[in-house]
Each structure stands twice: as structure tokens, then as C-alpha cells.
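Following this line, the structures themselves.
Two complexes come next, and they have one chain in common, chain A, joined by chain B in the first and chain C in the second.
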Partner chain A sequence: MTYFLKKINQVKKDKHILKNIDLAIESNSIVAILGPSGSGKTTLLNILAKIDQPSSGEFTSESDQNPKGIMVFQEYLLFPHMTVAKNITFGLRMSKVKRDDIKERLAKITEVMGISDLVDRYPDELSGGQRQRVALARAMILRPKLLLMDEPFSSLDENLRIEMLNFVQQIQSQFDVTIVFVTHYKNEAYLLSKRIAILIDGSIKQISEPEQLESDPIDIEVAKFLGQANFISGKVTGNTFDSLIYRGEVELKNNPQGYLYIPYANQVTLEKTEYPAFFAEVVNKVWLGSVERVTVRMDSVTVSFDCRPNLVKIGDQYSFYFDKKPVVY
Partner chain B sequence: MKNLLNNIWTFIFCALIVIPLIVIFLLAIGSSWNYPDILPQQLEFQNLIKMLFTNSELIHSLTQSILLSLGTIILTLAIAYPTAILLAHYDFFGKKVINLLVYLPLIIPSIALLTNLDFVMIKFSLNGSFVGVVIAHTLFYLPYAIKLLMDNFEQNGNAFESVSKNLGANNWQTFWNVTFPMSKSGLQGAILMTYVVSMTQYLATLLVGDGKFLTLSVRMFPFTTAGKYKIAAIYAFTFLIVTLIPLFLIDKYIIRNRRRG
Partner chain C sequence: MTNRKNIILLSLPFCLFFLLFFLSALFKSLITSFGYYPVLNMKKFTWEYYISALSDASFLSISWRTFLFSVVSAFLACIIGMMIAITLYRHKKDRGIVFRITELPVMLPHIFVVIALFQLLSQTGVVPNILIHLGLLQSTEQFPLLLNDNYQIGVIITYLYKEIPFVIVSLMLVLRQMNDKYEVVALNLGANKFQTFWNVTLPMIQTALVNAFIINFSFNFGSYEVPFLLGNQQKELLPVYIYNYYVQGDITQIPLVMSLNMILSVFSIVFAAVLLVISKKIPGGRIGGNR
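Up next is the complex of A and B:
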């Protein structure tokens, strides 16, 4: 079953928050909506959760004209006056499900989530990770077809975040649920999803796999949002770019504004290619585990990119090459 | 330096609260307390207790005070609760004006407000009636109650209501299971404050009630001005008990159930 967002617009107090959102979400997949703060991510999720109605456009699915996602909220929003058990079973109790069924489903879901021993506690007695699991259990006990997660890992520390990302992947495959989650951390999106929609200023700019996003952002806005890249200003004449560090043929994107895009990863190399880049001195390098972030300087311009460890020495000068024809936005 | 400050605070606390309370208590239970005696010649606990349970005027005043306070609490909450929800959670045209109107009874001098209110009550034949006095009391406590409840609603936000509806609850279920229990602390504060202030209300009770409602504070006032300190102290003591007991109970209840909203 595929979910469709067709021409969704949201206007509030004369502010156009969402602009013509078109998106198809395949069932049993994890789709990440990645964008900066204030780009309209939560507004979009609220529409999918039926918490809010769009000003125009529709959200449908192949089998349901009025689908509704169950949401795991950013700050979990566990009811502070209810125990974990009452929180988790809230939706079932409101739907007047039989008490025995509730009991059985509570036992099952708390076991899956690893929180069976927490059922009598109150939310203020739980850690961040435990609260996250309770919030997830509260949604999953309703057996939703569409699970929505609003910045679900933003308040967790690094280790816990990775643990929870893996856990959500497990849950997704175990329950065959479609997950749409929003985040402003691209690493989180890359770790959890194979399909990422970039939402900037209320518009979906690009829908791609992580690798393609990094290597080929659709425009400078997306490229700048994704970060981890150098933007060198220069002049475009025909297919040629002229700047302080590079002069030569380039691939031009739509409406180029004259910025050479050099991402940190997979673009600059010491191995000779048909695209010579620049001759520069290494001024700094930082160890990042599997790679080193190298900073080079020519004249007054500095450029950073990732290299294999110990490939270059600080103070030495090297000829660098582009892996492929450089792109100008 | 810290010790000195502590001592100063202790002195101020004793001078302004503890010593006057002891004096009221001694006045209530003592007899033959004349200048230059530091303490009363005799202490009569039994008399005080007997009066508390048998003096029909005192019991009548107490009953009227409590009934008026309860009526005021009900009417205040009936108006303040939905108003606070509206002001805290909804945006609408004229919200700022309504916000200001709520505080008008505090801005306008109470005597001006009461005399005009009395005219209105006479017009609607509500002067001297229980409902009339309750309305007059309510007018003065509404701003406090609305503010207390509004702060509570604003602090909680309406995100929990969204969670509830997203999980399948309808509006009523959301109200009874989420909004109401989560507003308990604001509600308790508003009830307590309305109760205490309604018990102390003198002018509104006398004016709008046409002197028919002889509450504790109404009876106490002439005794104080006439220099009948013993009987005034007995009324004051009764007043303290009926004010402090609910205060203590509600405070204990809030602490015991701190998680429940």
C-alpha cells in the first residue's frame, strides 16, 4: 500500500508553511524527511497524523481515503499523571478494547520493547531512552500501518541514539510498519532510511538515497543545508569556471550562481585523473577515524576534504585532482 | 553575615506573624487580662471549645461563610475554567481585550465597583440573596482564578491533547483523561485562593447581602472596632481554623499526588 501526499499546502497567519508537497511513501519502508529547523517538517507530520488539516491538497493511500499515522512526539509527551502501563494502553482504553486484550497486548509490547519491568513507574522516573521506548510502545500497541516520528532521537546522547536507530529498524521489519520520521540531523536520516526527502522552506527540494544526495545535491540550497562541503565563488563563462583555486571545465546546475561545489567526501584525490584541481599546501589535518580531514591553502583560499590517513604531510605541497567533473551551482 | 540575616528574618517573622497569633490565641482562651499583666490571669480552654461547638451565632456565621465560599468556588470555576482554556490555547479576534477585561475588577476601586454592582443587583432583585452575594464575591476572585488556571494551561501547552486525539481519544475523553487531571494543580490553587479570599470578604457580603449574611468576617469586624477583643479573637481563631485546615489538606494532597498533574 502506497501513501500519497498530493499538492499539500499549509497557510497559517498569512505564512505559507508548506508549498505543494507531493510525495509517495511506499509501504513497509522508512522515509526520512530531512530539513533545517522551521522548514515545516512538524507541520507536515501533523497533517499525516490528522492533528492538523492542510489548507489544500490531500493525503490518501491506495486502500484508505483517510489514512492516519500514529505519532511518536519529539519530547515523547508521556502523560505525566499516568503510569507507564496507563500511558501505553491509553489508545486501547479510549477505543474501549476489552480489558483482557489490553492486558495481553501490554505484556507483549512491553516485552518487545524491553520495558516489562517499568510498567508501574511514572514518566518522571524514567531515563531518556526508557521514555523513548515507552512512547514507541504507546504507538506500536495500536498496531499502526503508518508510524510517524518527530525528531525522535534529538534529545538522546550519541550512543543511545545509535542504539535506538537500530532498534527502530528492528521494530519496522518485525511489525511491517511504514515509518515516516523527520529530523534535522542528516546522519540520523542516512542511518535509518534509504529514501530521504529534503524539505527546505516548505518545499520538498529533492528525494534521493543518501549517497546520491551527498554526491549530487539538486541545488545550492540543498548543498548548503547538507553542509560538509566547500563553496568556492568564481565566474562562469560558458562551461568554464574561473576562480582563485580552479580554472576549467565544470558541470553546471540549473541557474548557476557561480559556486564551485567541493564536498568533503569522495571528490578530491591525489590520484591523477582527467580533472586536475589545484596545487596547494597542506596546512592542517584532523583524524576522523577511517579518514583524515585535510585543509589545504592556495593564496588566500582554504579548502577542506577527506583523505586516507597519513597520505599527506602538513607543510608539503601536492597536486590534487577531482574524482569527476566538478559541479558549479 | 548569613546568621545575622537569618536572625533578622526570624525576628520579622515572629514580630509580624507568630506573636500576633499567640496574642489572638491568648485573647481567645484567657480571661481577666488587664494592663499591666503580661499574660492573662486565667486560661479557659474549655470555654473556647464549648463556644466553638455550642454558640449558635458562631455556628451560624461559620455555616454561612462556608456556604458562600462553596457557592463562590463553584461559580468562579464554572466561569474561570473554560475562560482560562480559551485564553491559553486559542487565538481569536479580541483576545487581548478579553485578557484586559478579566483584570478590570482588580483595576477599578472595589467600592466603586460594589456600589454599582449593588444597583444592578437591586434591578434584578438579587440584592440580599445568596446568589447575589456569590456573584459579588465571584467578580473579585475571577481574575485570580483565571490567572492561576491560565498559567497552568500555558505551562502544560496543548500538545498532550494532540497526543490524546492522535491515539484515538475523542474530545470528551481527552478532556476527562488529559486536560482535567493535568490542570489539577492550577485548579487546586484556584479553589484554595477563592475559598480563603471569599471567607475574608467583608464589604461585598455586607453591601450586596443587605446585612442578611452575617459571616465570620462580618461579625468579627464590629467586635474589633468596639474593642470587644475576646469575642473578636474567638471569631478570629475559628476563622483561622476553617481557613488553615483546607489549606493544610490541599497542600498535603498536592504534595502526595505531585505526579497527578
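Up next is the complex of A and C:
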């Protein structure tokens, strides 16, 4: 079953928050919606959760004209006056499911989530990670077909966040649920999903796999949002680009604004290629584990990129090359 | 240590005032209610006056009437106040002019409201006269008796006028701290609007609501001037009954009056304590962490 968002627009107080969103979400998959704060991510999830209605457009699925996703919120939002058990079973109790069924489903879901020993506790007696597991259990006990996650792990520390992301993948395959995961951390999106939609200023700019996104952002907005790149301004004439550090042939993107795109990873090398880049002095190196982030300077311009460790020395000058034809946005 | 000393020194004037005036009066009332009244050479402690009060049928029936009246007035104020507070909050009017207007009656003295009601709702008041001018009534006698009536309607209107705004102000403080997304979560998990109110919103405000109810009830149960001015003298309420006893001039009855006073006070305190215990036990009584 596929979910379809067709020409979704959301206008509130004269502000156009979502603009013609078209998106197909395959069932039993995880789709990450990645975008900066204020780009309309939560507004979009609210529409999928039927918390809000779009100004125009529709959200349907192949088997259900009015699908509704169950949401896991960023701030957990566990009811503070209820125990973990009461929180988790809230939806079932409201739907008047039989007590025995509720008991059985509670036992199962708390076991899967690893929170069986917490059922009698109150939310303020739990850690951040435990609270998020309870929030996830509260949604999953309803056996939703579509689970919506609104930056659910943004307040957790790095290790716990990675643990929870792995856990979400396990949950997805175990329960055959479709997950729409919203985040503004690209690493979170890359870890979780093979299909990422970039939402900037209310529009979906690009839907790609992580590798494709990094190597070939569709426009300068996406490239700048993804970060981890240098943008060198210059002049475009025909297929050539002229700047303080580089003059030569380039690949031009749609409506180029005159910015040479040099991502930190997989673009600059010391090995000779057919695309000579620049001759520059190494001014700084930062160890990042498997690579070093090298900063080089030529005249007044500095450029950073990743290299194999100990390949260059600070103070020495080198000729650098582009791995492939550079791109200008 | 210095900090503690400062706190003691700063609170000393209040403590002295409290001990001198409140506790001494309470102590005097207590010993007098047990028959210790040296002015009349009565120095023997006895339960006699309590037994006499509790076996007095008119006292018991007046107490029951006052209790019911106080509970109903306080309950109505809480329900109406809660509905208005939630409506104002949901429509984001909790800081605007509408909210400020609802706050106004809290500041007005009871006597102002009593006189205003006389001017408006007595049979010679403004409202019946307007109705006559509009042709809706033929004479002022047709206007229902709302003041000094059998059902204490005038008293209830006065209390509601003062207490509904008090409930609104009390609840608004809690509602402003409450994350309104809890209601969104409940709806998303499949609850309907009533279930969301009953299971999520109400428990989160119930402690503030119970506190407002206790304050309203205690005031209604012990208030003298409003029932005296607007109540029905044939169906008097307890404070009026006790005060009439006190001023009738028979000082041998003072221990009995004091025992009535003590019963009224102890009942109020016990009732409040029971409500607080119930509030702790029901959903919302145990809340920790962020709301």
C-alpha cells in the first residue's frame, strides 16, 4: 500500500507554510523528511496525523481514502498524571478495547520495547531514553500502519540517539509499519532511511538516497542546507568558471548563481586527475578519525576538505585536483 | 545560618500577630465552648454545650441547609468558571481584554455586589422597570422574588458573581503552564473530545479546581453579611443563626454560641481535608515533572 500526498498546501495567517507537496510513501519503508527549523516539517506531519487539515490538496492511500498516522512527538508528551502502563494503554482504553486484550498487548509491547519493569512508574521517574521508548510503545500498541516521528530523539545524547535509531529500524521490520521520520539532523536521516525528502521553505526540493544527496544536491539551497561544503563565488561564462582559486571548465546546474561547490568529502584529492583544482598552502588540520579535515589557503581564500590522515603537512604547499568535473550552482 | 536567622526575624511580626490575635481568639473560643467562662464564675470543663448543640434539631437542620447551599454555590462557581477558563484559553483570550474584564469582580467588595443586586433585581429595581417599559411585565409584582427569597437566589447570585472570576483566575494560572499539545496527543491516539477533557485536561487542572472549591466553600459556609442582607430570614443560614444567638444579650448562652462556632470551624477544616485527600487519590493528584 502506498500513501500519496497530492498537491498539499497549507496557508495560515497569510503565510504559505507548505507549497504543492507531492510525495509517494511506499508501505513498510522509512521515509526521512529532512529540513531546517521552520521549513514546515511538523506542519506536514500534523496533516498526516489528521491533527490539522491542509488548505488544499489531499492525503490518501491505495486502500484508505482517509488514512491517519499515529504520532510520536519530540517532547515525548507522556501524560504526567498517568503511570507508564496507563500512558501506553491510553489509546486502547479510549477505543474501549477489552481489558484482557489490553493487558496482553501491554505485556507484549513493553517486552519488545524493553520497558516491562517500568510499567508502574510515572513519567517524571524515567530517563529521556525510557520516556521516548514509552512514547513509542504508546503509539505502537495501536498497531498503526503509518507511524509519524517528529524529531523524536533530538533531546537525547549522541550514543542514545544512535541506539534509538537502530531500535526504530528493528521496530519497522518487526511490525511492518510505514514510518515517516522528520528531523533536521542529516546524519539521523542517513542512518535511518534510504529515501530522504529535503523540505526547505515549505517545498520538497529533492528526494534521493543519502549518497546521491551528498554528491549531487539539486540546487544551492539544498547544498547549503546539507552543509559540509565550500561555496566559492565567481563568474560563469559559457561552460567555464572564473574565481580567485579556480578557473576552468565546470558542470552548470539549473539557473547557476555563480557558486563553485566543493564538498568536504570525495571531491578534492592530491592524486592527479584531468581536473586540476588549485595550488595552495595547508594552514590547518583537524583529526576526525578515518580522515583529516584539511584547511588550505590561496591568497585570501580558504577551502576545507577531507584527506587521508598524514597525507599533507601544515605549512607545505601542494597541487590539488578535483575527483570529477566541479559543479557550479 | 544567617539566612535562617533572617527568615525568622522577617517572619516574626506576622507570627506574633497571628499568635496574639488568631490563636488567642481561637483558644478563648475553645475553652469557652467547653464551659470555662470565668466572667460568670463558670470554671468547670464540660461537653454539655457540644451535646446540646448537636442534639438541637434546628441547629442541625440549619447546618445541613447551609452545607448544601455552600456546596451547590461553590460547585456551580467551579463548573461555570472552569468552562469559561478553558474556553478563553482555547481561544487564546487568556491575556486580552475579555480576561481582564472577567477578573474585575474579584476586586469588588461583597457589599458593592449586594447593593448593586438590590438596585437591579429587587421588585422595584432597574431590571423589573425596564421589563415594564418594554411591555414584558404589567407590574413590578410580576417580577419573581430573587432577593430575600426562599431559595437564597440572591445570595447564590452574589457568590457566583464573585467566585466564578476567582475560579477563572486560579485555573488560568494552571492552564497557561499546561502544554496544550497533551490534548492533541490524546486526540491523535483516538480519544474523542469528551474523553480528552475527562482523561487529560480535567486531571491536570483538578488540584487547582479542588483548591478553588475549598476556598469558595469555606467562604460560603462561614459568610455572614451576604446571607444577612440577601437571605431569607425564615430560612436563615448558619452564620446568621450563630450571630443572632450571640447578639441576643443572654451571656449565659456564650459557651453554647462558642461551641456552635467551633463545630462550624472544625467541620469546614475536616471537609477541606477530606477533599484534599480525595484530590490526591483521584487522577491528577499525583503529578510530577513537566506538565
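By our rule, the second predicted complex is superposed on the first by the 329 of 329 C-alpha atoms of A that agree within 3 Å, B and C clash if a C-alpha of one lies under 4 Å from a C-alpha of the other, contacts with A are read in each partner's own complex, and residues count from 1 in each chain.
What we mean here is this: contacts are C-beta pairs under 8 Å (C-beta built on N, C-alpha and C of every residue); 3 or more make two chains touch, one makes a residue touch a chain.
Not measured: the values here are computed from a predicted model.
Undergrad: Here chain A is shared; do chain B and chain C fit on it together or clash?
TA: clash
Undergrad: By the touch definition at the top of the document, which applies to A:138: first (chain B), second (chain C), both, or neither?
TA: The answer is both, since A:138 touches chain B and chain C.
Undergrad: Determine, under the contact definition given at the top, whether A:175 touches first (chain B), second (chain C), both, or neither.
TA: The answer is neither, since A:175 touches no partner chain.
Undergrad: Figure out whether A:73 sits in contact with chain B (first) or chain C (second), or with both, or with neither.
TA: both
Undergrad: Touching A:231, do we find chain B (first), chain C (second), both, or neither?
TA: Neither partner.
Undergrad: By the touch definition above, which chain A residues appear in both interfaces, chain B in one complex and chain C in the other?
TA: In chain A, residues 49-51, 70-71, 73, 75, 77, 79-81, 90-91, 94-95, 122, 124, 138-139, 142 are touched by chain B and also by chain C.
Undergrad: Which residues, counting only chain A, touch chain C once they are in their complex?
TA: 49-51, 70-71, 73, 75, 77, 79-82, 90-91, 94-95, 122-125, 138-139, 142
Undergrad: For the complex, give me every residue of chain B touching chain A.
TA: 159-160, 162-170, 173, 177-178, 181-182, 184, 259-261
Undergrad: What residues of chain C sit close enough to touch chain A in their complex?
TA: 179, 181-182, 184-192, 195, 199-200, 203-204, 283-291
Undergrad: What part of chain A is in contact with chain B in the complex they form?
TA: Within the complex, chain A touches chain B at residues 46, 49-51, 68, 70-71, 73, 75, 77, 79-81, 90-91, 94-95, 122, 124, 138-139, 142.
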